[in-house]
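Some notes on the structure that comes next.
The chains carry the letters A, B, C and D, assigned in the order they are written, with residues numbered from 1 in each.
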Amino acid sequence: MSSLSLQEAEQVLAAGVAQATEMSVPVNIAVLDAGVNLKAFARMDGALLGSIDIAMGKARTSALFQMNSEDLFEFSKPGGSSFGLENTNGGLVVFAGGRPLVVDGEVVGAVGVSGGAVAQDDAIAQAAATALTAAAV
Amino acid sequence: MSSLSLQEAEQVLAAGVAQATEMSVPVNIAVLDAGVNLKAFARMDGALLGSIDIAMGKARTSALFQMNSEDLFEFSKPGGSSFGLENTNGGLVVFAGGRPLVVDGEVVGAVGVSGGAVAQDDAIAQAAATALTAAAV
Amino acid sequence: MSSLSLQEAEQVLAAGVAQATEMSVPVNIAVLDAGVNLKAFARMDGALLGSIDIAMGKARTSALFQMNSEDLFEFSKPGGSSFGLENTNGGLVVFAGGRPLVVDGEVVGAVGVSGGAVAQDDAIAQAAATALTAAAV
Amino acid sequence: MSSLSLQEAEQVLAAGVAQATEMSVPVNIAVLDAGVNLKAFARMDGALLGSIDIAMGKARTSALFQMNSEDLFEFSKPGGSSFGLENTNGGLVVFAGGRPLVVDGEVVGAVGVSGGAVAQDDAIAQAAATALTAAAV
């Protein structure tokens, strides 16, 4: 699997913090590598403590399945194909805010954001993930 | 309980890998014995890391109850007879992809497959389980 | 409790990374606030994966007791006054590399470093912690 | 980090099983990749059930620290530099039988063996790890 450098992880964090600052939403941001191991983390001033674990969980969920965290909801939801999926892997987080980090078409990790409303978290995660993709071009 | 040899477990894995390769779906495959202890495991190249735990969970669920993993859903589902059943035993996986391994009418273990869509996982699990049955004939 | 800003935590990380780079020892660095909650984290390229948890543990130990992590060893060691102390709090790390972050005589958090030899980790933790103190002056 | 293919992992298992068979010591063998995720596993017929977790633990310890599992003992032992190290990372296994898998000078994973005496486990782990190195030459 491709590696994710600390410099890249810090670019992801910085892009996420910039977006969150612009939106005035203090969040926690976690960056994991493709092997689902923590690479970098930042808790913005004023971000909720309960969101530390959620940011980690979103990043972990996204890295484990190489898709957006909320994509797992389709499988997990009542009536979905995979009842109880969210309870596997020690607990998944299946709402938005976790996104894969993709470089040259390959998943090199994932970012997870938590602290605001779900749509806000997701917008910040998107900005964070996109920064790495843009930097790679 | 009847024993499951490593040779048999490897036959199960090989049949599963062959079926998955034919379907171009990289999966994780876990084989447990009738005592619900891990006997053999393989993660195909490109298989999702989040599916390791699910493959294990499907095999464990199937071995624990000597039935297909999805058969537990009937009891677990909202309105089913056994509310919360999926949370017993440290967490069950109650969607398809786990199947008992049967030799001479006796359950000797179970196989669990995860990595593709649920129907794909189940087709692979079926091929894996059938190989053992066929070999025993 | 006094607060630790993300900017301060990033100063701590940067000072630690700079020291570790000069020593050619890739490490994991965790920064916690005085409430013993994660504030920032960085895994340098090439740092051991097993040291993620140890860096976290050293920072947690130091923040929990507001002293250097190795100071707990005196109590924990065979014959020490507090037999089994290292097993409290979900497991402490009682060797060097965890240091309190002090601003104006008050503990505002702690830093934990792991990846090299213990003496190396400690030197990096000291550099990291000192940077914050110096910046505060 | 470099990837470890299923084919390579199966070579490692096969070499371990061959060595164990020659020594008449039934063992469990676990193979992890460099990201410390399970790749392949085999329990030989007659191997102790209590050794499943130990084989996993040795492989995990070796992959986490990119060294032989028993090398951690030097740090962990009474009077060693890192009192309690064995309790980090959810519990390490710091006796022999876990070895890194090295290809072209890079660690691509680790193998863990358990079921016999420690020296036997280690000889089997060495045979297993060497097979991959030899195959890569």
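Here is the rule we go by: a residue touches a chain if its C-beta (ideal position, glycine included) is under 8 Å from a C-beta of that chain, and two chains touch if they have at least 3 such contacts.
All values reported here derive from a predicted model rather than from experimental measurement.
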Handout entry: Distance-maximising chain from chain C - centres being C-alpha averages
Key = B
Handout entry: Gap in Å, rounded to a whole number, between the CA centres of chain D and chain C
Key = 30
Fill in the blank from the handout: Taking each chain's mean CA coordinate, chain B and chain D are separated, in whole Å, by 26
Practice task
For chain B and chain C, let me know how many angstrom lie between their CA-based centres, rounded off.
Solution key: 44
Fill in the blank from the handout: Residue numbers in chain C touching two or more further chains are 49
Practice task
Could you classify the connectivity of these chains, where an edge means two chains touch, as line, ring, star, complete or other?
Solution key: other
Practice task
Give every touching pair of chains, nothing left out.
Solution key: A-B, A-C, A-D, B-D, C-D
Exercise for the section: Provide the residue numbers of chain D that touch chain A in the complex, in ascending order. Expected result: 1, 3, 33-37
Problem - Of chain B, residues touching chain D in the complex - result: 3, 5-6, 9-10, 17, 35, 37-45, 49, 52
Completion exercise
Listed in rising order, the residues of chain C that touch chain D in the complex are 48-51, 53-54, 57, 73, 76-78, 86-87, 91-95, 117-118
Problem - Sites on chain D touched by chain C in the complex - result: 35-36, 61, 63-66, 75, 78, 81-85, 87-90, 92
